[in-house]
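Heads up, the next two complexes both have chain A, just with different partners, chain B and then chain C.
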Partner chain A sequence: MLPVILAVLGALFLLAPILVVVPMSFSTAISFAFPPPGYWLGYYAKYFTSEEWLEPTLNSFVIALGAMTFTMLLVVPAAFGYVRYRFRGKTLVNLLIMAPLIVPHVVSALAYYGFLGRAKLTGTLLGVMVAHGMLAVPVAFLVISATLKGYDQNLEKAAMSSGAGPFRTFVHVTLPVLRPGMLVGALFAFLSSFNEAVVSIFIGGRAAVTLPKKMYESIRLESDPVIAVVSTLLVGAVVLGVLISMFLRRRSTHAA
Partner chain B sequence: MAGELNAAAVRPASLVGGARRNATAWLLLAPACLALVLLFVVPIGYVLLLSVTDPRLSLAHYERIFTVPVYTRVMVNTFVTSLIVTALCLVIGYPVAYVMARRAGWVSTLLLTIVAMSFWTGFLVRTYAWLVILGSKGPVAGAYGALGLGKAPQLLFSTFGSTLGMTHILLPYMILALYAAMRKIDANHLKAAASLGARPAAAFRDVFLPLSLPGVVNGSLLVFVTCLGFFVTPVLLGTPRDMMISQLINQQIEELLAFGFASAVAVVLLIATCAVVAIYNHYAGLDRLWG
Partner chain C sequence: MKSYDGRVNAVDGISLEIDKGEFLTLLGPSGSGKTTTLMMIAGFEEPSSGVIELGGEDLTRRKPYERNIGVVFQNYALFPHMTVERNVAFPLRMRAFPRSQQAERVREILDLVGLRRFADKHPRELSGGQQQRVALARGLVFNPDVLLLDEPLGALDKNLREQMQVELKRIHREVGITMVYVTHDQTEAMTMSDRIAVFSHGTLEQTAPPLEVYHRPRSRFVGEFIGDSNFFTGRVDSGAPGHVELDGVGPIEADADACRRLAGAPVDVLVRPERLQLVGDSELLANRLAVKIGVIVNYGDSVLIIGDAGRQRIRIRIAGAQPDAVREGATVMVAWKAGDEHLIARS
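Entry: the complex of A and B
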């Protein structure tokens, strides 16, 4: 019984602080007072009407989509090359692909600050997109190469021996089988960019403010209560996402 | 290694032709490798370069980091704080992962849902939550007042606050690493121990705990390394008096525009991180961390 009690306490420690943001978002207080002195929807109205918050929200989506596309274009062929072939320098390639995961984000952020600054790309959506795209490479690679390792290549042999060419085999056999893994990889890349804060803070400048950067600045500079609304919406999205993924997994295990 | 051999065994015969095979592999890997070199390695190299050339060619920045007491304290503080956070994550996370791995049914599902939820909730949302909780108008200060304990101690903008925040944020990583290792433990081992007369506590100590050690090592590495370079939470919840490395980098850039010195600090952080990862690699093998 003791482990269960400790586990429940641990889970409460994880969950309770996050839930604090929900009542805060309906609070009438202009500072971070908890419990709230009164409730209203005013800050929701402010969020959905203020350019100051909507623009970073849009930026975050655009950057995350761009970074995800960039990552996937690099990672999908790389994962095929890495998993299916043996070649010299494989360990080195693995280290290179994993490097953005090992290097602390604050170091990468400083690096991009200097590097993209020279290329006049700080404070641009493109600059943040490229940086986020690189940082998402390891996680997308891990997911997609794991999917590839679990893939039975006899399916391809069967298609080929039934007369399908390499291209038709790839489109009609390989891709559909690997699709779920690819989608998960793409989702991880998207979220890696969407949640990334440090690089955005360093290189976003005035013109490419993402949601985490805006939240960071709003905490540091002005204690804007709208941050509670944004936090609540983000928590809501995460809850929805986790529930959907659990539902899908349950359905797929039942089907199998 | 086993994976590579396996892949070789199932490879279609048409592709097994040395040079051509190598060329195909490199063609597939080239875009990613090229991008990583140009858009990741080169920028990092630029930091290395700046650390010894800005404002002029010298090792003076490094000398300052290791001789000026303020900066050596930052290094020690970062290291100690990271150790504390790792230990806290381990102590709090182990029972959660244990129950997730050992219990079937809704308890384990519920725990997994909560862990996944906090894992995917952004660092800023969670840091903001702690700002509310620890703030001077927050529930902790309120409880102090209500219980007649007088004024609450300063929780926000303190080492305590940032340690607590980082523990909360990194805990899901630890739990997931522990859970991944514990799930692989065959329940029959424990049954065997029990049938040989081991009490549950002894079976746990002598069988389960040693088998879960890979998870402990993986989780600790993950949390420790992330903590070394943690930025948002120490900056927002911590205090400039007990700075961590990332706060120092931020301060040097934001307030002093001292890129050379900031770069040198970043390089020290990078080397420390690589050293920890290399030690892990030597004893456990990196592929096991992300295998």
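Entry: the complex of A and C
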């Protein structure tokens, strides 16, 4: 019984501060106040009508989609190579792939700033995409290589002895069986970019403002309660994303 | 159906000729090369030298999907995202079977394996035995020249395994297709095969019908791997025809033809435990041994006695109930007829 109580208390301790933003987003207060003096939807209306907020939202979506694509292009072939073949320096390769997870974001941001600056990509959506794409490599690699490890290669042999060549084997068997794991990897890459603030602040500049960057600036300069609205929406989106990934994973483990 | 005979020569000097419609088992311990041989027939491994022919046609450099060979894998390897019906139809789709006949053919083959009712289920909803039947149906559906089975019953429990052995034999009889079956289970090999090819360390020890392999193994390895055995060493007596001098036992009478063939040669002598009889002093059987009983294993329908005759370990299998004279620590007389032994030349 005690472990259960501790677990619930622990979860509450971690979640409560996050959940506080939900009532605050419906608050009538002109700044942050808890408990709220009254409830309305005014700040939601403000968020959904203000260019100042919608543009960073759109930017974040575009960047996250681009970063996700970039990550997948890097990670899918890397995971296939890593899981299916033995080669010299495999451990080192693994370490390099995991590096963005270990290096502090500020350090990465600084490094990307110098690197992307030379390529004239600072202050552009493409620059942020590339940086975010790199940052998402470890998490996507972990998910996708785990999926690949659990994948029975006899399925491909079975397809081939059924008369399917390499291409049709990939299309009809390999891809559909791996799809749930790939989607989870892509989703994580998307969320990692969508939520990222530090690198966005360094690379994005004036032109490529993402939602987290806008939030950071807004809270520093004006304490606008719209932030509570955005936070609520973000928490909702993340919860939805995690639920989707849990559903996909359940399907893929059932399949294996 | 096409007429053909399979002919396989593999890297490790393996030469096998498989008859059309035959049930051939590749038997051997793990790592003996039987699966490698199977995978070469399937086309997943390429021999570095030698050829694989099917009905006079050279298959050696053909890709697996260019061969007309079905494969059933040990872990079933069913496509998890497809229903039973789609799994079984897959080879027909890939091999461009006339679309109008596909559904009919799938139904037919699902009837054969008794899974018609499960056509719309996904593999994960089926038991191990049912999944194995789906794999079998998928391997058979496109009328392959040969069906290869890689330890297909290995993952099933004992009862189900026996049931599936009977089932597989029935299907083999009904379809009449050539089957090459890999297993390390000698009982499976004995009960199902037309012929058994015994593998050891990447070479082929013997290829023969089950009873021949059992009674007349060509090497000591085969005799020990298949069935229970007593092995003596000795030398065929060139002075006294029909006699063999067993090390540590003395002279015994043996099959006269075999003795003539191996006159003077050192031999391994195999006597199967069920050929040994418990005898009284009065009975006249040529070859007798006094055995001190060590362990008795009672199976109910038979008794296995493990004992010692001098330094020689002896296993005796007698049918029926345990006789009174058979007690741990007791000494019994054991005998066998001349001709019940099998001589193998020792190199």
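As a convention for this text, the second predicted complex is superposed on the first by the 238 of 256 C-alpha atoms of A that agree within 3 Å, B and C clash if a C-alpha of one lies under 4 Å from a C-alpha of the other, contacts with A are read in each partner's own complex, and residues count from 1 in each chain.
By our rule, a contact is a pair of C-beta atoms (placed from the backbone, for glycine too) under 8 Å apart; a residue touches a chain by one contact, two chains touch by 3 or more.
Bear in mind that the values here come from a model prediction, so they are computed numbers and not experimental data.
Q: After lining up the shared chain so the two structures overlap, which partner does A:107 touch, if you call chain B first and chain C second: first, second, both or neither?
A: First partner only.
Q: What is the contact status of A:155 with respect to chain B (first) and chain C (second): first, second, both, or neither?
A: second
Q: In this superposition, which partner touches a larger number of chain A residues, chain B or chain C?
A: Residues of chain A touched, chain B against chain C: more for B.
Q: With both complexes superposed on chain A, which partner does A:3 reach: first (chain B), second (chain C), both or neither?
A: After superposing on A, A:3 lies in contact with chain B but is clear of chain C.
Q: Once chain A of both complexes is superposed, is A:249 in touch with chain B (first), chain C (second), both, or neither?
A: A:249: touches no partner chain.
Q: Counting only touches as set out at the top, which of chain B and chain C does A:164 meet: first, second, both, neither?
A: After superposition on chain A, A:164 lies in contact with chain C alone.
Q: Tell me the contact category for A:176 with respect to chain B and chain C: first, second, both or neither.
A: A:176: touches chain C, not chain B.
Q: If we overlay the two complexes on their shared chain A, which of chain B and chain C does A:235 touch? Say first, second, both or neither.
A: first
Q: Taking the stated contact definition, name every residue in chain A that is touched by chain B in one complex and by chain C in the other, in rising order.
A: In chain A, residues 154, 157, 160 are touched by chain B and also by chain C.
Q: In the complex formed with chain C, which residues of chain A make contact?
A: Counting only chain A, the residues touching chain C are 152, 154-155, 157-165, 168, 172-173, 176-177, 254-256.
Q: For the complex, give me every residue of chain B touching chain A.
A: Per the stated touch rule, the residues are 3-4, 7-8, 10-12, 15, 21-22, 24-29, 31-33, 35-37, 39-44, 46-47, 50, 92-93, 95-96, 98-100, 102-103, 107, 109-111, 113-118, 120-133, 135, 137-139, 142, 168, 171-172, 175, 225-226, 228-229, 231-232, 235-236, 245-246, 249-250, 253, 259, 262-263, 266-267, 269-270, 273-274, 277, 286-287, 290.
Q: In the complex formed with chain B, which residues of chain A make contact?
A: 3-4, 6-7, 10-11, 13-15, 17-18, 20-21, 24, 29, 31-35, 73-75, 77-78, 80-88, 90, 93-94, 96-100, 102-116, 118, 130-131, 134, 137-138, 141-142, 149, 153-154, 156-157, 160, 191, 194-195, 197-198, 201-202, 212, 215-216, 219-220, 227-228, 230-231, 234-235, 238-239, 241-243, 245-246
Q: For a test of understanding, state which residues of chain C touch chain A in their complex under the given definition.
A: The touching residues are 42-44, 63-65, 67, 69-71, 73, 75, 77-81, 90-91, 94-95, 124, 135, 138-139, 142.
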